[in-house]
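Just passing along the structure, written as structure tokens.
Residue numbering begins at 1 within each chain, and the chains themselves are lettered A, B, C and D in the order written.
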Amino acid sequence: MSKWIEEELEPGLRVSYGLKKILSSTQSKFQTVDVVDLDCFGRSLMIDGLIQSCQVDEFVYHESLVHPALLAHPCPKTVYIGGGGEGSTAREVLRHNSVEKCVMVDIDGDVVRFCKEALPENAEAFADPRLELVIDDAKAVLEKGGSYDVIIMDLDDPLEGGPCYQLYTKEFYAMIKSKLNPGGVFVTQSGQAGMTRHHLVWSPVHATLKAVFPAVRGYNQAIYSFMDEWGWNIAFLDAGMGALLTEEQVDERIASRIKGELKFLDGESYRGLFCLSKGHRQTLAAETKVLSTVDGTFAVMHSQGLCVAEAPKIS
Amino acid sequence: MSKWIEEELEPGLRVSYGLKKILSSTQSKFQTVDVVDLDCFGRSLMIDGLIQSCQVDEFVYHESLVHPALLAHPCPKTVYIGGGGEGSTAREVLRHNSVEKCVMVDIDGDVVRFCKEALPENAEAFADPRLELVIDDAKAVLEKGGSYDVIIMDLDDPLEGGPCYQLYTKEFYAMIKSKLNPGGVFVTQSGQAGMTRHHLVWSPVHATLKAVFPAVRGYNQAIYSFMDEWGWNIAFLDAGMGALLTEEQVDERIASRIKGELKFLDGESYRGLFCLSKGHRQTLAAETKVLSTVDGTFAVMHSQGLCVAEAPKIS
Amino acid sequence: MSKWIEEELEPGLRVSYGLKKILSSTQSKFQTVDVVDLDCFGRSLMIDGLIQSCQVDEFVYHESLVHPALLAHPCPKTVYIGGGGEGSTAREVLRHNSVEKCVMVDIDGDVVRFCKEALPENAEAFADPRLELVIDDAKAVLEKGGSYDVIIMDLDDPLEGGPCYQLYTKEFYAMIKSKLNPGGVFVTQSGQAGMTRHHLVWSPVHATLKAVFPAVRGYNQAIYSFMDEWGWNIAFLDAGMGALLTEEQVDERIASRIKGELKFLDGESYRGLFCLSKGHRQTLAAETKVLSTVDGTFAVMHSQGLCVAEAPKIS
Amino acid sequence: MSKWIEEELEPGLRVSYGLKKILSSTQSKFQTVDVVDLDCFGRSLMIDGLIQSCQVDEFVYHESLVHPALLAHPCPKTVYIGGGGEGSTAREVLRHNSVEKCVMVDIDGDVVRFCKEALPENAEAFADPRLELVIDDAKAVLEKGGSYDVIIMDLDDPLEGGPCYQLYTKEFYAMIKSKLNPGGVFVTQSGQAGMTRHHLVWSPVHATLKAVFPAVRGYNQAIYSFMDEWGWNIAFLDAGMGALLTEEQVDERIASRIKGELKFLDGESYRGLFCLSKGHRQTLAAETKVLSTVDGTFAVMHSQGLCVAEAPKIS
């Protein structure tokens, strides 16, 4: 083993991945984009040196991001995806029979281009006539018009000075809310969500959504290739929709609405996503940080300032 | 950052921990034992270069190991711990008011000695008169006599040629079964249990226990400092006891039986432990490998022969 | 910095090179061949994960390998190079005005092909009509016929089981000797030659050549990208030619015979190559290991079995 | 191998040393001081995470630092060492029969204390009644008074903001000059001196000394555990003394003046120290940077701003 990719998860914690092959490697207008084959995780997309998605378990991330939101909606016809240039989020959305239009807006044409070439599992999605692919700013395109049953934000972590900084704020979420059709559902990836780092992005995003939406749920799931639990937050325009589905409801809706077999999600996995540990629920309950462009409050992530002393106090 | 400890999780996947301080480092009769302070995980115990337990989240592992078994029992009075020299497993056991005697048998006196010195959070447990600490072979001591309400195996992974190889086999489990009092419960740590590696130890141990006990449940939980989900298997002498407790039952039993506040476990966390993903349940259902000293079938772990191609097929 | 190439220099000593770009990467019939751009060393050739040659200082290695031998000869017209597929050795040979024919025999056509494409500094040499490039076994081609004024072996280290194992033995050197014209000179790269590892290959090769040739000199030079001093041995068919040239002679011969400016070698550098430290000379004087296919004595190198305890005793 | 010490030699070039044992590790008033046992280099002293000296080849560094200066002097009786807290420089000085007094001034009492305990090879030197050990600032003590036959600066590299920054400037060297007895010699370690990095400290220090002293020589030597060639500069109060000794003179003076056997240096090694490569001599000849506190010109070293593009141009 002589070639490695190294990622610093946090100060004093590094992971190294044996590198089999670099399929493409570019400095795009926005970021460094690498498509590589890793010994341990298979074909993988890396942006700015951080793993975004790996063949070996990308389905866990993408099924967790997409299906809870779409299954919660009685009949999702129009879906907006911010980011997701890799194509896997669109692939999961388009498995839903009810979906008539899926607009996917990613700012980086290079990501889309490389993933189209390198990820055969997403070829069908990219070719689906219901998909409308736009290379542009996810915020700008959404502001211009249109309304949706489900909106999904599949963005980079809010790194200080990074491109997605403003897309995790109450101002942005208020705009999102205005673009949802009645009964609409919003879901966003929300960063690391394990025992020691879920307070960095996941819980502030949760509190921020609660400042805007009448019903919000945080959920998380271990993802091996991310080396931690990952977090999402789902928000409902209609407070009454915030109740969890039963395991049976989930299994029925998957059977009747989704084309093909899911690999990760079913009723029991769904229940597991929403079972938060005592410590996680304490952090959510205590969280007061509302992210705001106006107030200048932002979340920070990835190698930016966590030490053990700052880990969430779990009584 | 100039000092690091490096662990190979599997071929092509290495993790490096910034090393603040080595508190003790010895080649004991059985293994290399290091107590260290890590930048990212705080005070940590390493055996043969592999992390066993870290200050920052050892409670997740130990609460998950101990409490589901003791809470499932109507009134656990006698508990046997194989391994657990660090003291944290005993600490959690002794929080149960009903426990009158806890026998802990670890083969390595050095582990016990160093942890006694370095881990103040376990001092009270080590001093508890209900604890009977024996430095000896966990199998030999159990065979000699005594019977227990709950037996807990907190052993190293079954590494090829390692000391714990035989303590994950149907022959050993049959002996365990014979030492349980009526209504008795057995639980064992069962190695990595994330999406790509749960078939190495966790599911064979599950199948092996099912060959011996009338009711068995596998469960898992993400543990950040282990860089994966971790797995356990719990087995019941009495098939009727295999049903999960409700979240309410768990919360009630914790309140009435356990001294102090748990940090990780409550009813909802408990429910989450037992919600297995679709892929995990498929693996358990399909598992045919029964580990046996007689048949020469063993589980293997940790850098021993997993590649992506061998990862469990998840349909 | 997220991509790295890692090389184990010896057990417990690893070097990692920041990797900018992989230009080509192939498993050839014989070995893994990578042409890469490294942050610290520029464009570099790696074979089986070990650095062979780097833009930043390959001239030190190649000038040291080629010119002492050619300058020692009164008028070198025919030169044989075993290995050297990268082209830099031929480039230095062809700078000598007197050279009429240079036969270069490398077993790996992929190495030659990739280097031709990636190393513009060797383009002129590859296009020189005096160069006869043969893709074949360096030993077999030499045995078939022809005789030379200077023979140069620019081979891989004699790794156990590697392809070049037999090309550092007294049997091979006896054959070489028979292919030298009167007054002929032979030189071979001879592995690491710093204070702690020069006894592994460099001094056994020296002793082996002394068993075959009437005059032999070992020399060494620090090469930064090899992270050590490197060693060569030069042997003379005619004992009288074994005397060192004076610094003035070297400067004069360079001026009159060599096209262009050398970057590393001149009279004083030449003198430095042959000034061995006290410890090095002690090792050479005490060396009794003669490498032989017949006797089954071989040199070993690179991560194969050196520990501090085995380092040469320097009184 | 699970514990490592990692050193960044320059951006994109890291070395990792297998760590056997930490003997002591302290944050002194001035720096981080570690005495460790390394797999590859034996017992080693590290300051601020950078290797200072290793059992396996410290003698190469210390013999090269001390003996050329003392052998150049007709009869050195008084010697001043700035730095050198480890004791090895003093050890080499005190082997000279002529030396009557050796004043060693190191600012960090912890370095001295730990090395006294951990390095038995220097015990005799520390106990020698001719040694006067002062824990204080090397500049301040020298300014206060006294004059010497030989002055040796064995300091840290001039890191920006580091403690030794000002001890490589013409102002400091002018002071040194005023403290030398007639016929006095000054020598200073001068940082990395291999093909790509000798222009950072070694050649500016050379030019700076030339601005102060009538005769100056730079010299260098590969040191394996430093992973490069290392450089020194020697300066003479009396221009006539700047001529090199012949190899015979060196061997004679070593025999008559020095107690015990040297391991590295003799006449031929000495000659090798002063044979600079063509590239090195070109850099020295072209160097115009004179370091000065007053002018604010300083040298920088170690991971501070070298890239390939800045490497010295070697024609």
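One rule holds in what follows: a residue touches a chain if its C-beta (ideal position, glycine included) is under 8 Å from a C-beta of that chain, and two chains touch if they have at least 3 such contacts.
Predicted model only: the values in this text are computed from it and were never measured.
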Intersection of the contact lists for subunit A and subunit C: none
Whole-Å separation of chain centres (CA-atom averages), subunit B against subunit C: 56
Computed distance of Cα centres, subunit D from subunit C, in Å: 32
Contacts with 2+ other chains: residues of subunit B: 1, 4, 16
Chain contact graph, described as a line, ring, star, complete graph or other shape: ring
Touching chain combinations (by label order): A-B, A-C, B-D, C-D
Complex contact set, residues of subunit C against subunit D: 1, 4, 9-18, 38-42, 55-57, 60, 194-197, 222-224, 227-229, 261-266, 268-269, 271-272, 275-279, 281, 307-308, 311, 314-315
Parts of subunit A lying in touch with subunit C, wherever the complex brings them together: 1-7, 16, 19, 21-22, 25, 34, 46, 49
